[in-house]
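As written, the chains take the letters A, B and C, and residue 1 is the first residue of each chain.
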Amino acid sequence: MNKEIKKWFSLNLGNKKQSNCGCSGSNCDGQALENKKDGISQVFDVDMNRRQAFKKITAGLMIGAGAVSTSCSVVSGDESKEKSQIEWEEYFKGNYKLMTEEEKDKTVNRLVRSYELRIGKKINISSKNAMDDVLFGYAFNISNCQGYMDCVNACVKENNQDRASEMQYIRIHEMNDGKGLNFGEADDTYYHEVPAQGHFYMGTQCFHRDNPPCVEVCPVQATWKEKDGIVVIDYDWCIGCRYCMAACPYDGRRFNWSTPQIPEQEVNKDQHYLGNRLRKKGVMEKCTFCIQRTREGENPACVEACPTGSRIFGNLLDPNSEIRWVLANKKVFRLKEDLGTEPKFWYFMD
Amino acid sequence: MKVLKNLIKDSLVYLTHGRKSYHFWMAFLTFLMLIGMYSYSLQLEQGLSVTGMNDRVSWGLYISNFTFLVGIAAAAVMLVLPAYVLKDFDFQQAVLIGEGLAVAALFMCLAFIIADMGGPARLWHMIPGIGVFNFPNSMLTWDVLVLNGYLFINISIPLYILIMRYQGLTPNPKIYIPGVMISVFWAVSIHLVTAFLYQGLQARPFWNNALLGPRFLASAFAAGPALIILVLAMIRKFTDFKIDDKTIRKIALVVTVAAQINLIMLISELFKEFYAPTHHSESAYYLFFGLHGKAKLVPWIWTAISMNAIATIILLFHKLRNNFTILYFACILLFIGIWIEKGFGLIVPGFIPGPWGKIAEYFPTITEIGVTIGIWAMGAFIFSILARTGIAIELGKIKYKK
Amino acid sequence: MNVKLNIIFICTFILLISCKHKEDEYHTITDKIEDLGKDFKGIPLSSDKYTETLKKVEVTENWQRFYIPERKSQIKSFECSECHSKPLNEIQGEENIEKSHWDITLKHANQETMNCVTCHSENNMDELHSITDKPIDFNLSHKLCAQCHQNQFKDWSGGAHGKQIGGWAQPRVSQTCVGCHDPHRPAFEKRWPSRYNVHMVDERK
């Protein structure tokens, strides 16, 4: 009996996988007892496989759609073939930081084309690199902020944030006069006439620090600091471990716990690969100083939208810029200075 | 290679036979695993929004269990030290069980990590060469390295020993002793590195203190051996494997000392937080007393602390410790108490209050609990397989037949 | 043998740790700005593409040179002298005359400080005038505001007060005082915030 079994092994199944389904069915005829146990061993075997298939299932779910439709491409049209081809290539591409210019162009074209195939509309995605001699800085005037939250709305619209979870990068805190910068007692979900008596207002967002802990801790380097100082995320490279979120002391990062939903007519079609292009579920995102605007010379949406002019943005390396004037002439401070991470976002008062 | 094939074949045959209770146990575990798979499929479909986590508390039940299980895995192998270094033969029986437990715990850790990922299909991005591996900056990469290395060591060494025994040969100490030595140091490092994951975040003052790493080690060495004692008790009951009372008593000693150290460290932490409270103590206030009316975690932490304290006190007395029923009771208390403490008492309060002082409370959802139960069942399943096979080989029930 | 192994292990460990270091050597951001900005020669980007169609006036205030939008062409009923042929004191006080600008009420400082002729020139309605009765062109009305609002003026000339038009690149185009503040009622009215985040409130329950 043993010899028989051995023969089966040495003939057909020379690797570990042989311990599964195939053998138990065919060579266990002789043993009546064995048959009864087949049921359980089948379940058992499936479980053994499941652990390995576990990872494959999750990967497969992603590629599955693409793989299946590629195989059925004879039946479905050219469009879906192209779609799955794009999905396939997008899944296997590398980290944006390490891409050559050519690869960057290719991925941008794929994304634009993918959107066109799915929705039927055209978008522009830029992959413009950081300019030399530019280092972005930001200043916030807490005397002038009246708490209107126009900046928050502009940011949400500009950056295609998820409407379902009301994601907003910017928080406006209603602080108490006399209590100073006591954020624990501040309110950021106020809804009454502003400015309210006895309060002043401060806005927080990602401070794009020069020594960002989020960049340090990312296990796959999906987030990094660009040459012009903006801390960006490659949404397709992020694995969603949320370590960066734990590391951020300023609540700068937002996670897509589910697929972001934006009404199609509200989608901002001028996008940047590292900025406001449409994200998927399970990836991190954050304020990018409106990289799609600032690399073209425009102000970020929040700066543009503020009716009181409390927000100031500019190039820290240009001695004639407004931001440099603020740093030289106003009494500026930064939040959580003692953490030593050098934010490029200053606060000042009139 | 033939030996390996036969080993697997023989163990499979052996594993599918057993008493009714064994089959019932495995069926029960399979059922729980199916629940876990179903819940996980829900999570894959809809994203992590099916869990209770949010932007403020971004790590919850999964990472809590991960942290706890890394400790178990580390402690399981600490039993190896006395067995091989101190040549204490009483421990040698427990070693294979311990390493099997370590392997099961590590698989659970990996499963919890995968369950917690926002994009599990993109995990290949971490593989150096194909992806980008942010070593040595990111502590997470260190963790990946040490955990996988530890898994490798803990599979290869017992496998070697078992294959030798399976063939009726004595395993060559020159081969496995160095591996065992490395695994002992490695055990300490896996939990230290996991602790450093949290300790290194200057954004979370509740974690950013020097005592976190040592505290992790102490609680791991209390909970891990406690679990081993319980497991050994079950093995004594359900199999023919002989385990001396002496072995269990010695492990109990390890648990006692570790539990006491754990309690001392807790007192040190409480002193630091509450003697001269600063802004950074807010998390501790939230955890122990509730803050601004939010007090979801308060009953949990006090239950955990009382369980730990009671168990530690019980273990202090020889008479009580040597009464095995009481010992098992104390071990259960300790295990559950430390599980609560590491999870709800450490991970969750680290995030509360948020960076701007706002409190958003966290409680796991059914789906999250479902996945967690599924993974624990998977761990128990793996351990049952490994332990059963290991014991069978040790007892000579499975022998390599030329 | 074991001891040697341990030593090797520890040494590699230390080596690996020491590999972690910061990318640049700057201790603070101000050091970095000083170092990288000292040879600044300008960048190829300019705000011109956003302000091409805007009529601009170049001004130099407090040693800052920048542009402001031209004002006179934006005032609907400029040239004032088209209607106001008589000096102010002659048309004041006349009853039964339909008044334009009936909707302009003055809510700026108090009665003792401000009335119409504080800013508007009596004899030439096409101009404003300073405290010392020097004429100020409507395009440069900020000189008028600067007389009382010294601090804000200083900030504005540096770019710290008010809004910039056309982005962050040079040349700077600043909005004028009257671009945001109605000179007759300069204060911002109270209003409601434009957003209420229900989700955040729920999270905190």
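Descriptive notes on the structure:
The rule is simple: a contact is a pair of C-beta atoms (placed from the backbone, for glycine too) under 8 Å apart; a residue touches a chain by one contact, two chains touch by 3 or more.
All figures in this text were calculated on a predicted structure; none of them were measured in a lab.
Taken as a contact graph, the chains are fully connected, with every chain touching every other chain.
Counting C-beta pairs in contact, the pair that comes out ahead of the other among B-C and A-C is A-C.
Here the spacing of subunit A and subunit C, counted between their Cα centres, is 34 Å.
Each chain gets one centre point, the mean of its Cα atoms, and the points for subunit B and subunit C are 59 Å apart. Looking at subunit C, residues 204 sit in touch with two or more other chains. Within subunit B, the positions touching two or more other chains are listed as 54-56, 137, 358. Counting partner chains per residue, subunit A shows two or more touched chains at residues 165, 188. Every residue of subunit A that touches subunit B in the complex is listed here, in rising order: 2, 5, 9, 16, 18-19, 37, 40-41, 43-44, 47, 50-51, 54-55, 58-59, 61-63, 91, 94-95, 98, 165, 171, 173, 182-186, 188, 204, 213, 216-222, 236-243, 245-251, 253-259, 281-284, 339-341. Touching subunit A in their complex are the following residues of subunit C: 22-23, 26, 28-30, 32-33, 36-37, 40-47, 49-50, 64, 151-152, 154-155, 158-164, 167-170, 172, 175, 180, 188, 190-201, 204. Those residues of subunit B whose C-beta lies close enough to touch subunit C in the complex are 54-56, 136-137, 178, 181-182, 185, 358-361. In the complex of the two chains, the subunit C residues touching subunit B come out as 2, 5-6, 9, 16-17, 19-20, 203-204.
Interface residues of subunit A facing subunit C in the complex, by the touch rule stated above, are 131-135, 139, 141, 144, 146-150, 152-153, 165-166, 168, 172, 188-195, 210-211, 225, 293-294, 296-299, 306-309, 312-327, 329-330, 342-344, 348, 350.
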